[in-house]
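Worksheet: one structure, shown below.
By written order: A, B, C, D, E and F. Residues from 1 in each chain.
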Amino acid sequence: MIEYADASPEVRAVYDDIMTVRQTDWINNFWKALAHDPPTLRRTWESIKQIMAPGALDAVTKEMIYLAVSASNQCPYCIASHTVAARKAGMTEPMFAELMAVVGMANETNRLASGYRVEIDERFRQ
Amino acid sequence: MIEYADASPEVRAVYDDIMTVRQTDWINNFWKALAHDPPTLRRTWESIKQIMAPGALDAVTKEMIYLAVSASNQCPYCIASHTVAARKAGMTEPMFAELMAVVGMANETNRLASGYRVEIDERFRQ
Amino acid sequence: MIEYADASPEVRAVYDDIMTVRQTDWINNFWKALAHDPPTLRRTWESIKQIMAPGALDAVTKEMIYLAVSASNQCPYCIASHTVAARKAGMTEPMFAELMAVVGMANETNRLASGYRVEIDERFRQ
Amino acid sequence: MIEYADASPEVRAVYDDIMTVRQTDWINNFWKALAHDPPTLRRTWESIKQIMAPGALDAVTKEMIYLAVSASNQCPYCIASHTVAARKAGMTEPMFAELMAVVGMANETNRLASGYRVEIDERFRQ
Amino acid sequence: MIEYADASPEVRAVYDDIMTVRQTDWINNFWKALAHDPPTLRRTWESIKQIMAPGALDAVTKEMIYLAVSASNQCPYCIASHTVAARKAGMTEPMFAELMAVVGMANETNRLASGYRVEIDERFRQ
Amino acid sequence: MIEYADASPEVRAVYDDIMTVRQTDWINNFWKALAHDPPTLRRTWESIKQIMAPGALDAVTKEMIYLAVSASNQCPYCIASHTVAARKAGMTEPMFAELMAVVGMANETNRLASGYRVEIDERFRQ
């Protein structure tokens, strides 16, 4: 993992932008690992910065969707980091509980729909 | 698939409740397939009714999380039905576009975190 | 897809063995597609023949496990073919319904366990 | 995690039922984590109690299917807990070995079927 | 789907760049669907253009890795489009056959490693 | 885990072949776990030996595809072992970085294609 003190100017520029945009004073391990590949570090950060900025969806909704996908994919790092991020953005414990209930249910019914080979209703087609 | 006209009283009772709660006059294929197994039909509907009711999260946020998981799992039936449900609950086109962008990004960074074997930061531990 | 009439002697030998072992007179598309790569055709068939033969688990249990995984993975071809195979091996409609209920539930609780970051109990460690 | 001693009467009632149905004297971490959300705790337990009760499939077959899905999904907690549960229900080491062989094979052929874009045979359609 | 004739100048600029870089005269449906969300269209194309350009890995190796992941994820659109792209970049039928064999095997052993709860060897730790 | 010193002649024969083919003097935990089920140990090794031998694809390309699938599936053991194997076969750090970038991107666009329900272009059909 590449610490700030050991980082090239190119990597430091990304680290600085991350801390500015997120209004924080530290860099989490995900970015320190990606820093081994500066183009991926930059591209991933620029994409996340663009995608996670409030727009038609607010910040907490976006973080909850990110967490929902990470929980569904069972990615331990991503669940840990985005649970913190979602809480920082305003997710309360009851919101987390309801989020997880929906994630669990969606994973159940996705398999019921597939296993029962349910045909898409005409009204649901584009 | 079991149509309303051919359904047992037990199945009809679930169908009736679905139409009442959802304020609609038809039953989509998912339920008609599950109706072959009345206990699963009833349990699944009671669970969804409880989970999807507005609470700490409103209806459109819940439907968007359901859609996010279904898109991440690549379940064609579920994507089709929950896109319609989310729109009915208030999801606009810009909201859908931002939702999909987050789903795509989460799936990308989940694999980057795993492939780079990123250790969970102390601050992210429970 | 490579039909029996057009198959090389090497491929025909596998097709013949499939029909003999399965006591059937036709070859399904999966094998006709793999026949483009005879080593994969042979290796896959030999593995399946060995794995699916009754042993500590009987044939219908093995086919139901195969179907459970295929439904969980949402593979349309595999769900279709292994539903037929499991029925042929003795799976009744109530058995299928209970199988699907377990598959759905396992997919739900897998995500609840991951999302809630549940630590493995000491008693469950190897 | 919510221990029995700290649990509300509502949560204790579920814990008591779990211990009665499973004929055991302890509660594993999964339930202690869900106890933060009593409606999900109750709903998940009621569903599992209903689904896992012997019916057309016996207890060990259901536990093996649960384990097969958990291994296929690569959920560490679920693999650990359901390996223990399946053994308690009667799964021997040879049964476990055959179960894992089927899970591995199904995951392989699911991807071969998808990657080769195998069309579903007419005889396999519903 | 947004056709070239109906596209805004912003979308047309991306379409033009896709056709130039890929030395082709048509736009496939993936981009026509993303064109409903111009920022995602542009960001996705810029990322793919950067990632798929030959570097330490040549074009055909990158396309085969893309196809391997798509086959493993069982995404029908992605399998279809990247099989064509990989062939155009130089993948022969024997290369495709060996690629699919590796994808199948990796999916099998991934689940064996998880199901048997294999501990990571000291020599494999970072 | 079954060590060499404790292994049956049948298991030792596989261990010996693994060490000979891989030109190494140790056995990693994956095989020691599978050794509890000698038929699966033998079948898995024979399959891997056949599949991973250089053919139309060279050894490093095959190891990178194996790693790409393992990273996409988020299998910690498989990522750890195949990162080492791919490096031993010649994968440099820049090659690893480009590999991971493709894996991440494929996982993103797989979900965009599914979520936007993109229809397969006529030119991409078989």
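Operating definition for what follows: a residue touches a chain if its C-beta (ideal position, glycine included) is under 8 Å from a C-beta of that chain, and two chains touch if they have at least 3 such contacts.
Everything numeric here is computed off the predicted structure, so don't read it as measured data.
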Margin query: Show me the overlap between the contact partners of subunit D and those of subunit F.
Written below: A, B, C, E
Notebook entry, point to check: If you average the Cα atoms per chain, which one ends up farthest from subunit D?
Noted result: E
Notebook entry, point to check: So if I superpose subunit D on subunit E by CA, what angle comes out, to the nearest 5°?
Noted result: 180
Check: For subunit A, which other chain has the most distant CA centre?
Finding: C
Checklist line | Candidate from A-D, A-E or D-E with the same interface as D-F, over half of contact pairs in common | finding: A-D
Margin query: Based only on mean CA positions, could you tell me how far subunit A sits from subunit C in angstrom?
Written below: 34
Next item on the list: Could you give the separation in Å between the centres of subunit E and subunit F, each centre being the mean of its C-alpha atoms?
Entry: 19
Notebook entry, point to check: Hey, how far is the Cα centre of subunit A from the one of subunit F, in Å?
Noted result: 28
Check: Mind pulling the subunit B residues that touch 2 or more other chains?
Finding: 36, 39-40, 44, 47, 51, 72-76, 80, 83, 94, 97, 100-101, 103-105, 107-110, 112, 114, 116-117, 126
Checklist line | Residue ranges of subunit C touching subunit D (in the complex, touch as defined) | finding: 26, 28-30, 33-34, 36, 40, 44, 47-48, 51-52, 55-57, 61-62, 64-66, 68-70, 72-73, 75-78, 80-84, 92, 94-95, 97-99, 101-103, 105-110, 112-114, 116-121, 123-126
Note to self: Can you tell me which positions in subunit D touch subunit B when the two form their complex?
What the structure shows: 39, 43, 47, 50-51
Checklist line | Touching residues on subunit F, where the partner in the complex is subunit B | finding: 67, 71-72, 74, 76, 79-80, 83, 100, 103-105, 107-112, 114-117
Notebook entry, point to check: Within the complex, which stretch of subunit C touches subunit E?
Noted result: 36-37, 39-40, 44, 73-75, 126
Next item on the list: Can you check the complex and tell me which residues of subunit A touch subunit D?
Entry: 74, 93-94, 97, 100-101, 104, 117
